[in-house]
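Labels run A, B, C, D and E following the written order; every chain starts at residue 1.
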């Protein structure tokens, strides 16, 4: 079996996805949570490309483009919010403490 | 041109045009009044265009990116109306430089419409994320509110997480079937159904997150509390309507009565949502959080309708969506118009201070609780008809039991409003536009409850989302079909 | 097509991802993220998606990561932040997330193994920019339009949020 | 007959008028007069309906129907038979003490009070008339809302808990009934292909025994909560205790009767076989209610609670009668409902007056009231005696007939029910002994407050008429007996009932 | 004419009751008396007129039937408010109206300074009306109206002086204890109505006589006996009667001596074919009577309260009547009922006159030596006592008691022996009372004098108590059988008389009793006391029945009720609510505000859904 098969790529995507999830769940730093989400998005993108390769179709890459634009936009907004948080009193970017919205 | 824009409903370009126009206006000179006028006019135009489509809908979604069928038309009408309600609520409530607010609202509405009408994963995904990103801006609108940032970052991270999960699910689905059609994988003729089911599970996570079904609901109370009131209304109403429409579309061809994993998961989530939402609201003293819990519970009821195929299933869901939209919008409008803290203590004695407002709020809550004569009563009855018709006994029991919990907290608010207040002070009034909105919604809620025939007839015939065939992919997958290879 | 680059890039990507998740210093994590993205570009290339690989490098590893670097720099993190980060990453905190991730991984792996064979032969064909472009500006032209709205939404949101940073910062500073 | 919806619209409109007439604060008693006028008009209207009803043209006396939600087969359909007529008269008659005695002295916002009172009455009238199941359920739920507000706004110290409990219990069980109604509708649709909520059409639904049982239970629980049947009675003592006097009268006098009415009209007549199979259980529940209610009634210190538990006991007889499976028992149950409405309603008026005068409901702080309030006490004594089932009063007729009907089915149950009569004597006389007679309570003499006012001519006239009604019912119950048998569900009135 | 007269007899007191109740508090004392006594007097006159007509020309069917209206008519059961006048009800009617009138007349004097006199007369006239309904009804269910009606009047009158908690408690006890019997009776009625389909007495008895022997008569007879036992204060439901003396003395005279308490006797006599069909029931009736008469006589021996002595005596005498009923000596029972009404009413009224004069004291040891002070009352009391003791030849009680002894002898000599023992004790206790009250040292100075309204009834009743027995005499003395003859259409001819030594025994035993009483309680220098041993104490408390019932039934019932005052079902619903609230708190806890935890929930939900998908 060809090692570079789409199935193997999907496996890699899964591993990356799980790792990203691990990061989101385990890290307390908002910045690193954001990075972990980027990993997960990349994993999804990889999965699309692999699927496209599996079906020999270009739609996987179309979707990749869309994910890319989402990732860019989300990173922009997310980082803006992080900066605002940082400026407005949560300099540690700790996700666990300082929450007012709860209960 | 028509070949390039398969199935595009005319309301979408109208919204797009409106957005562009608004952008230009903002670039030219900022003015809140002009912004809201343009936005409302856009919505109105889009609304009108629902009845005069440029392109006739052939009834077959094959090869189309959008499915402008009856279901879409109805949902789009609800989305546009509730967006308009949100805008009226937001008028003079959102502080300075608020014309961008309307821009974002229009963008969100566009996303919602796209989502409700999409037949393709790409389109759906884009709609979803457009809505999501504009919501981010809306949630974080008030720079002075210390909770706005928190709400926004929570929404950002959780929405990102759920988007990733959704995307991964879509990718798996694509990998499995080679089709980007936005429909639940059919399980017929498959050897091992595990992969499609796993893909569905992941997709459902993404949808449930946005719908805030238990256990994916945790963000909703926090975000709604942190967001400006009109935005909370937008999240609770417009966004949910669109997502529910998409969910219904996703499962349009599937047999949900079959005890496979997707049906089971939906049923479990429905039960959890009913109880979870109501129990969550039970312990809340903040009205926004309470309404968040209530909206979670209503998702559960809607899922019951979705899970009850048959002549009443989605028709009842459609009626319920309308009832829910009217009542929830009304409740938020009242919240916004009251100019008091949004906790129960702040609403005490409201019947003495602002009797009309309190009455309207009471009507909305009664409708949400499903008590006659408000429309919520009929809508809930209709959903129960659907459930009974499909013999969803467990779900019905859950509905009854959780509704009783629901009654408690809705009435608790009504009770608080009736309590006498030691000192008689009059609260500031909201804008006349908001007052008018509240009045209209209250009247509609009661009148529709007394005479639901029109609504029923509207929804009775139209409303099955057209199933999207999975195999009707844009490009059938076969080696010889690869047109362009390097 | 050679298997070796694919395997190599895959390994690097997996390791880099793990490093990103476990670094105490954000800049280190960021650098590993860039490594991850680059190796992913390699994987894309190996999968026959050169256009995607290029975009990954240019836009992702380039533009998006620059944003991150910019923010990390603005945050002005120091030794105390690193120590705090270490403290946050006590072993106990990893148990729950690790279990969940492993379960997810296991479940997905099981399903992937059950993936039915496709009608297509198990060979890889390269789908270049041309094919993608035709697809993009053919049937999916609407999605491009929509993507522009998506970006507009992101832009407006980010603009609105970002516009006020200094103001609020100053406000807190004064207070 | 257009007069049937008028029976619902008239109180509603009158209530609105009363509310509007209270806008200016000067004439606060104006709304009271409006309310009285409304009730009088309602009585006249009912008299008119009684006179012009289609006597002799079959069991159904009047009919009204317009489509409401035709898409779902829902119509605003009302039919009146003898049973409905009796219950409507009971409602109308009891509205008088409600308004004339209790609502007169309501503190603030009398207009709203009258609006809610009349709205409740409108809802109750609707319940007694509706023969479209959806319409019935609509009214069934609708009558609760104003009642809830009444309790909440004008109730006593623990009113919040009581009001919400009342609402949750009745509404929650109502939801079960809704599911049962819809189940029946859907089964009917499956069998015949017609979607309809029409009572007469649904009565002909062919049902499997199990399905019939399940649906019957859905209805039964809703009505059992309302009636109330032990152990679903728990809302009742709290609610009665905390409700304002008019609310208690309305609750005890009429609202509970909707449960009995529903049991007859919907449980027994729609599901005769299932009801017959369920009868032993229901009889046992009835007896349990009689004994348990009486027992707890005896243990109470709060006079309103005592009366409330006595209601539980009395309405156990209604359950016995309804499920005895014979027309006799059903007639007895109806008489018992009417008599209980009159006697317990009056007792609540008295208890409410006591609370107004003494600012307590605790019988440990009463005693010897006869000296200060001879009229009130003698009236109280009369109704206490009526409620213990003295022959010659309406209560006895009801109890005797239900017991007789029960004896035919199950002598042991009837014997246990009869034992309840002994207990009813015990608690009634205990109440009299603790509140009205005996040495005056020590605390009363100490306070230098002016002696509480006794019942005046207004109260005595209304209560005297109530007494007279009870006596007439006890000695000449035949008109009620003749009317009270419900019309069979299968004998639908084909068209408009011809005028005689 | 007669058909109109019969309801009119009931209606007169009923109307008076209505007027008196409505006018309570506004009508002065004298008109109240006039209306109260007058209405009953009018009834008595009408009754006399009716009786005369009846005796002169008895209706061919043996009874005069008047149907007033149909009460309830439903499927398979109908009942009417219907009156019938036959010899038995004729006798009862005369007793009720006649004695009732005399007592009301007396009450006019006795109660004249009570502020609530209108209420008193209202209750009294209502009682007379109810009693007449009881007597006249030809339908068991309308009889039950009267049956319960007299019960409630008894309740109202025992508790007439309601400011005293003891009176109220006594009234309640009286009503509740009799209500237990009433419930049994109601069961009996239900059984009869179910089995026979009617409660019309004539039809019912016809069915019993002709119908197939089955369970019906046995059970029904015992159930009805339960009602009779309670109403007539027989063992084991006798405990209420002594306490009932808390009411005004005229009440005790009318209700708790002359009329209401004999309703049980009347009921059994009225339904005698039913009881005759069940030998076991007859035995039970006789035994109940015997036991009661002995126990009550024993209690009466040691009482110190004059009214309680008379109350126990009443129980004892009704025990005689039950004994007679159980022996099948129906005429004897009715005869004794009549004479007992005379002499016991007399005794009570005389006692009332004494009590009024000695400052409302009722303890016989605080009286003493009253004979010179009130000779008229003494004479009346003596006449009553003699009749009660059954002193031979002169007194009415002698003849009726003789007849009962004869009947008992025929039924079972053991019964006779017991009855004779009772007669002995009767003579002792009543003359103990006479000797202590009227002879010896005077402990309390009487005041005032006994007015005419009280004296006239006393005189009338004294004459009746002595001469009333002459309407029926043993053949040995004189063959007079007026009453038996009158009643014979109903009960058949009375049984033949026994050997003549029975008469001698019956005559000598009371005389011996008087002698014993004289020996024990004749006027002496040292204080006369009652023995204070354990048996005496037990007897004084009515043989401990009260304590027993209290421990067995009342206390557990009340205690458990108190424990459950807040309703265990209520707690269950509260628990449900608490569960919901806990659930809400748990969900709020889930809402910790930490975004990582939220992400965890999402991930967990996803994983669970995935696992579901794989398993499926």
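The rule is simple: contacts are C-beta pairs under 8 Å (C-beta built on N, C-alpha and C of every residue); 3 or more make two chains touch, one makes a residue touch a chain.
Note that the coordinates shown come from a computational prediction; the quantities given were computed from them, not determined experimentally.
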{"item": "Starting at chain B, fewest touch steps before arriving at chain D", "value": "1"}
{"item": "Chain labels contacting chain A and also chain D", "value": "B, E"}
{"item": "Most remote chain, CA-based centroid, reference being chain E", "value": "C"}
{"item": "Chain whose Cα centroid lies nearest the overall Cα centroid", "value": "D"}
{"item": "Result of counting contacting C-beta pairs for B-E and A-B, higher pair", "value": "A-B"}
{"item": "Label of the chain whose CA centroid is most distant from the centroid of chain D", "value": "C"}
{"item": "CA centroid of chain B to CA centroid of chain C, Å", "value": "30"}
{"item": "Centre distance in Å when chain A and chain C are each reduced to the mean of their C-alpha atoms", "value": "5"}
{"item": "Centroid spacing, where centroids are CA-atom means, of chain C and chain E in whole angstrom", "value": "100"}
{"item": "Euclidean distance of C-alpha centroids - chain D vs chain E, Å", "value": "38"}
{"item": "Residue list for chain C, restricted to those that touch at least two other chains", "value": "96-97, 100-101, 104, 107-108, 110-112, 115, 118, 120, 125, 127, 131, 134, 140, 143, 147, 150, 153-154, 157-158, 161, 164, 168"}
{"item": "Chain B: positions in contact with at least two other chains", "value": "122, 126, 129, 133, 136-137, 140, 143, 152-154, 157, 161, 165, 172, 175, 178, 194, 197-198, 221-222, 283-284, 408, 474, 477, 479, 482, 484"}
{"item": "Junction residues of chain E - those touching two or more other chains", "value": "588, 591, 593, 595, 599-600, 603-604, 606, 610, 613-614"}
{"item": "Every chain pair meeting the contact rule", "value": "A-B, A-C, A-E, B-C, B-D, B-E, C-E, D-E"}
{"item": "Residue ranges of chain A touching chain E (in the complex, touch as defined)", "value": "21, 24-28, 33, 95-96, 99-103"}
{"item": "Partner chain B, residues of chain A touching it in the complex", "value": "6, 10, 13, 17, 20-21, 24, 30, 33-34, 37, 40-41, 43-45, 47-48, 50-52, 54-60, 62-63, 66-67, 70, 73-74, 77-78, 81-82, 84-85, 88-90, 95, 98-103"}
{"item": "Interface residues, chain B side, partner chain E - complex", "value": "153-154, 157-158, 161-162, 165, 193-194, 197-198, 200-202, 204-205, 208-209, 215-216, 218-219, 221-222, 260-262, 264-265, 275-276, 279-284, 405, 408"}
{"item": "Residue ranges of chain C in contact with chain A within the complex", "value": "1-3, 6-7, 10, 13-14, 17-18, 20-21, 23, 26, 29-30, 33, 36-37, 40, 43-44, 46-49, 51-52, 55-56, 59-60, 63-64, 67-68, 70-72, 74-75, 81, 84-85, 88-89, 93-94, 96-98, 100-102, 104-105, 108-109, 112, 115, 118, 120, 122-125, 127, 131-132, 134-136, 140, 143, 147, 150-151, 153-155, 157-158, 161-162, 164-166, 168-169, 172"}
{"item": "Contacting residues of chain C [partner chain E, same complex]", "value": "96-97, 100-101, 103-104, 107-108, 110-111"}
